[in-house]
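Chain IDs A, B, C, D and E follow the sequence of writing; residue 1 opens each chain.
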Amino acid sequence: MNGWILAATAVLGAGVGATVWGVATGPLRRRVVAQNLSTALACPALLLLAQGYDRPAYVDLALVLALLGPVGTLVFARLLAGELAGDPPRARALTRSAAGLGAGVVLALCVAVGPSRALLKLLVVGVLLVGGNLLASRALSGGMAGARRG
Amino acid sequence: MTAVPHVLPYLVAVWVFLAGAYGLATSRNLIHAVGCLSVCQAATYVLLLAVGYRDGATAPVFSDVEPGTRPVVDPVVQALALTDVVVGATVTALLLALVVQVAKRHGTVDPDELTELRG
Amino acid sequence: MGEAVIVVALLLVAVSATAAVAVRDPVRQSLVLAVLGVVLAVLFTVLQAPDVALSQLAVGSALTPLLLLLTVRKVKRRGRRRRENEP
Amino acid sequence: MNPRTRLWLVATGGAGLAALLVAACLRLPRFGGDRHPYGDRAVHASLERHTANTVASVNFDQRAFDTLGEMTILFAAVLGCVVLLRQTRDEHRAHPEPADVARPVRRYALLVLPVALLTGLYVVAHGQLSPGGGFQGGVVAATALHVLYLGADYRALERVRPVGAYEVGDALATSAYLVTGVAGLIGGTAFLANTLLPYGTFNTLSSGGTVPLLNAAVGMEVACAVVVLLAGFLDQAVEIVDEGEDDDRAGDGHHHEERGK
Amino acid sequence: MRHLLPLLVAVPLLGAALLACVGRVVPRAFAEAVGCAVSAGTAALAVVLLLDASPPLVEWAGGWEPVAGHSVGIVLVGDGPGLGMAALVSLLTPAALAYSWRSFDAPPRGNAGSFPALVLLFQAGMCGFAIAGDLFNAFVWFELMSVVAYALTGHRVEEARAVQGALTFAVVNSLGAYALLMGIALLYARTGELAMAEIGRELDAYGPPDALVLAGFVLVLTGLLVKAAAVPFHFWLPDAHAVAPTPVCMLLSGVMVELGVFGVWRVLGTVFSGPGGLPAADVERALMVLGALTAAIGALMCWYQRHIKRLLAYSTIAHTGLFLLGIGTLTLEGDDGVALYVVGHAGVKAALFACTGILLDRFGSVDEHVLHGRARPLRGVAVLFTAGALGLAGLPPFGTALGKSVTEEAVGGPLTVVYVLASAVTAGAVLRVAARVFLGLGPRPQEAAGDEGAYETTGSGEEPETRQPLSRVPDTMTAVPAVLLAGALAAGAVPGFADAVARAMSEATTAGLVQTSVHWTPVGVALGLVSTLLAVGLAAVAVVRPKLLAPPARALPLRRLQSGHVGDYVAWLLVGTTVLGVLALPAVLTG
């Protein structure tokens, strides 16, 4: 067990664990935020695991999650727009800290791998992760208010 | 490690399967029932992959690892689980299609209110 | 000690699967199922099955929720009308 | 049966099954054990045929017959969904109005669409090397197309998605897999035998004999299948309306109806 | 020759892909012709392979021949029983397609190819399951046939009952399939193998059975018995069969359910038969108890139905019980008998469904009471229907009669009574329908006061499967049941057929070391005649004095079990696993 895996365990246990609790209880607005945060936190955990296991190939997992996770949240934002309109979720601080964590993890890994092709992939993952989750969070809190059925 | 974690993965699979079956039996909404069925299926993935795990081993994918340098886990169960995931997704889709039609023709998705076929 | 991360992932799966059954409203359940999909993918990763994890991510993060929500939407549109018609 | 009785039944049956399964778990080999005879043979066979991703080798070479069944299940489910979600005589279509999506979401969608498509292709193409393969990549690529629905609207999606063409693509990809199998029978030794093509250099895109071919066929099949599948559901949720349905046009944004096709 | 085995799956799949490809542009006649041609071609292939199946064919998909006794590939087993089932499936499929030619018109708009394509996929799944020698591969084909069957059952989406029945079917069968997969995973954990024979060998090497083997046995059998519709896993079957389109019913009742029984037989013989499997006494107990229960409940519920398709569905359940009793003997004679019985039953049952389909399309109802006397003009159909009923009763020389008599001899003892009674009651119910519907005998059944809320599915208000009720019955719709009945008759009457079956079974199970001879015996013929007479008698009493044999109030709780509620069925499935576990438990306690 190395430090990377330990960090991943911490992110999973504390972060993702909290989002599981969040998505299972409470009002709808809290649940959608928790769903968004779960991908925002699982993705850095996957990156940490890839590094911890010394398997660059596992980064593909984080890439796919960084791509599709926000898309999943957008699905909820789009199809639950009606339910969320009256009671929009507000979780700016949480989202930002999750994004910050993601960015921090990506930076730490970039330092660890050094300049290479893997670095490029990591940066792409980082951009998609942080950008996607911030955007998805915004869409949840009414950014898609204009969107109607169609 | 103590003995508990050595059966924990199997027990989790059993728990998930039974929980899904319980939800399926007591569901009041067919869409929820389909979700429970996919929970049951998740148990099969967990069991399969737990069976194939090997301590300290890594994935049997040699694009970034020299073959023979590290022990690898069982690839066969992974292939089985992969097939299983596909089956699960398609069965879910087919069931949901049927739920859509049930809702249309019966005007409800509560199994308690479906009283056409009995006796 | 190397198994701690596996234990954590297993517990997450057990808890979110239980939640997916216990949450009875299909919309909320689909949110839990989306999280369950991600947690399962993490478990598969720590069980060294990246191929399975990848397909679980591909299916569980966007496809299944979309299918479930589209079904809910179709069903709800009917339900609303029906309630209005009933006295 | 009333819910109470049912609960008793579930409790009885569940308790029995739980006892049985827990007893079985205690007799299972230790988690993380070292005995995997089939797995070890599979790794050996995979390396012999220059396939870096052993799971791909099991899926598309050693147990390719299973994968044939798997892709057929998908094919059948899609065909089944098309049949089950067809527009019936008492339903009509209502065209949805264009939706106005917030600009950042639209921009994001336009950015993600090509990236996700490329990622899908990458995952398919590297199937026999790194984690991934036809199934995973196919789903990613198909999901990518539907970002258009999220970022723009249903009409934009419809423009890039002639369902008929995807249905044909689905069937053609399935046939391609079968034809490769039959070619193995005619030109090689057995159905789906991977003896026709050279195994190539280990850890390159063309290694593994017919593995990349079958992988690509599955990728195409899955992508087409998912598109058709989602089309059926989107059609039902967005376009098809029947008599009993809530058709509050204003809120729905429907206009211009036409009776059945 | 053995290399051609996978083509049993590949040919119909290619046909289905072709139909899905061009289905939108070709006319319906072309699509159906292609469907018939491809399925008939597969049937020819299956028969050719079957004739060559001595000694049994063994093929390794992908050419992965075993090295040092072990292979990494998938084994396909082309022995007599496997290829026989594949041939039966493949012969029944073109019959169902030919029947659907005129009887059935609900092709989705502009997609004429989808129905024949689904039927071909169904055929491929069933053939694949029949020749699978690898447990996981069997699961895959099992899932394929299930998935297609759900879609085909719900094909008439405009019918409320159709979609409900299909959904129930899908949920229960999927859960059963996942149980099967859990069982496979457990067995793989113990043995590290997937080929059935290898699993059996490894289990034997491990030692006497323990809780793990028991759990594997229970889970695998749960999956297969759900498909075979054994009590208490059977609830989905009447709901699905009552609503599926007639050609699909022919396949579901004729072969799919029997494939579940076949799966049980295959798994018992290869995986659990050795010293590491379960002791014969325990397996016997489990199968005998479930079989007898299934036969009894199926026969009783069959008698109480007035929805003709549902009635036939329950008779399938009753016969499944008889099959389970037969293979539960774990003797070669029992297997021989069941094999013959399955062949005869497939023809008879499919023919009966085909005749019922004619009633549905002609009169828009399958309610015995409503149809009273209305089918008098359909003389030819009446003859076929009655012949089918007699075949069901086991009138010599039908294949069912020979199979039944051989099985009875193998089972022996008091269980013979179960055979006679179950076949007599189910056939009596069918004869009762024939007398009332085709001959108009007896008083017109009166709706009892307050019958409105009776706990049953009546079968009136069913939509015909054709757009307009047929004014005359197309020739194909009568020719198909006639051919099927002729086939069932030939299975019993053609000399040498029974011996060929016996030889194939012996080669499959004992490598030809133990020979059995299968032939008509005076006792068997007499018992067949007894059950036929009993059936006729029951039907006569029911028609002339309906009150005497009407369902008593005591039967209501039994009816209430069939509640149409998917949650109940799942609960019963769980109870069923426990029952199976308890029945086979002594194996572990003593071992």
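Going forward, contacts are C-beta pairs under 8 Å (C-beta built on N, C-alpha and C of every residue); 3 or more make two chains touch, one makes a residue touch a chain.
Everything numeric here is computed off the predicted structure, so don't read it as measured data.
Peer 1: Counting one step per pair of touching chains, how far is chain E from chain B at the shortest?
Peer 2: When the steps are counted carefully, the minimum from chain B to chain E is 1.
Peer 1: If you walk touching chains, what's the least steps from chain B to chain D?
Peer 2: The least step count works out to 1.
Peer 1: Counting C-beta pairs in contact, which chain pair ranks first?
Peer 2: Chain pair with the maximum contact count: D-E.
Peer 1: Taking each chain's centre as the mean of its C-alpha atoms, which one ends up farthest from the centre of chain B?
Peer 2: E
Peer 1: Measuring between Cα centroids, which chain is at the maximum distance from chain A?
Peer 2: Greatest centre separation from chain A goes to chain E.
Peer 1: Report, in whole Å, the distance between the mean C-alpha point of chain A and the mean C-alpha point of chain E.
Peer 2: Averaging C-alpha atoms per chain gives centres 50 Å apart.
Peer 1: Which integer distance in Å separates the CA centroid of chain A from that of chain C?
Peer 2: Taking the mean C-alpha position of each chain, the two centres sit 16 Å apart.
Peer 1: Determine the centre-to-centre distance between chain B and chain C, using the mean Cα coordinates as centres, and give it in whole Å.
Peer 2: Each chain's C-alpha centroid was found; their separation is 11 Å.
Peer 1: What whole-Å value do you get for the distance between chain D and chain E if each is reduced to the mean of its CA atoms?
Peer 2: 31
Peer 1: Counting only residues that touch at least two other chains, what does the list for chain A look like?
Peer 2: 53, 55, 57-58, 60-61, 64, 68, 71, 75
Peer 1: Can you list the residues of chain B that touch 2 or more other chains?
Peer 2: Correct list: 5, 8-9, 17, 21-22, 25-27, 34, 43, 50-53, 55, 58-59, 61, 63-64, 72-73, 76-78, 80, 82-83, 85-87, 90-91, 93-94, 96, 98-101, 104, 107.
Peer 1: Show the residues in chain C shared as contacts by 2 or more other chains, in ascending order.
Peer 2: 2-3, 22, 48-51, 53-55, 57-59, 62-63, 66-67, 70-74, 78, 82
Peer 1: With touch defined as at the top, which chains are paired up in contact here?
Peer 2: Applying the touch rule to all chain pairs gives A-B, A-C, A-D, B-C, B-D, B-E, C-D, D-E.
Peer 1: Could you list, by residue number, the parts of chain B that touch chain E in their complex?
Peer 2: Interface residues on the chain B side: 13, 17, 21, 24-27, 30, 33-34, 37, 40-41, 43-44, 47-48, 51, 76-77, 80, 83-84, 87, 90-91, 94-95, 98-99, 101-102, 105-106, 111-112, 114-119.
Peer 1: Residues of chain A touching chain D in their complex?
Peer 2: Residue positions touching the partner: 57-58, 60-61, 63-64, 67-68, 70-71, 74-75, 78, 128, 131-132, 135, 138-139, 143-150.
Peer 1: Which chain C residues qualify as touching chain A in the complex?
Peer 2: 1-2, 4-5, 8-9, 12, 15-16, 19, 22-23, 27-28, 31-32, 34-35, 38-39, 41-42, 45-46, 48, 50, 53-54, 57-58, 61-62, 65-66, 69-70, 72-73
Peer 1: Hey, which residues of chain B end up touching chain A in the complex?
Peer 2: 58-59, 61, 63-65
Peer 1: Could you pull out which chain D residues touch chain B in their complex?
Peer 2: Per the touch definition, chain D meets chain B at residues 3, 6-7, 9-10, 14, 17-18, 21-22, 25-26, 28, 30-34, 36, 38-39, 42-43, 46-47, 52-55, 57-59, 63, 66-67, 69-71, 73-74, 77-78, 80-81, 84-85, 126, 129-131, 135, 202-203, 222, 229, 232-233, 236, 242, 244.
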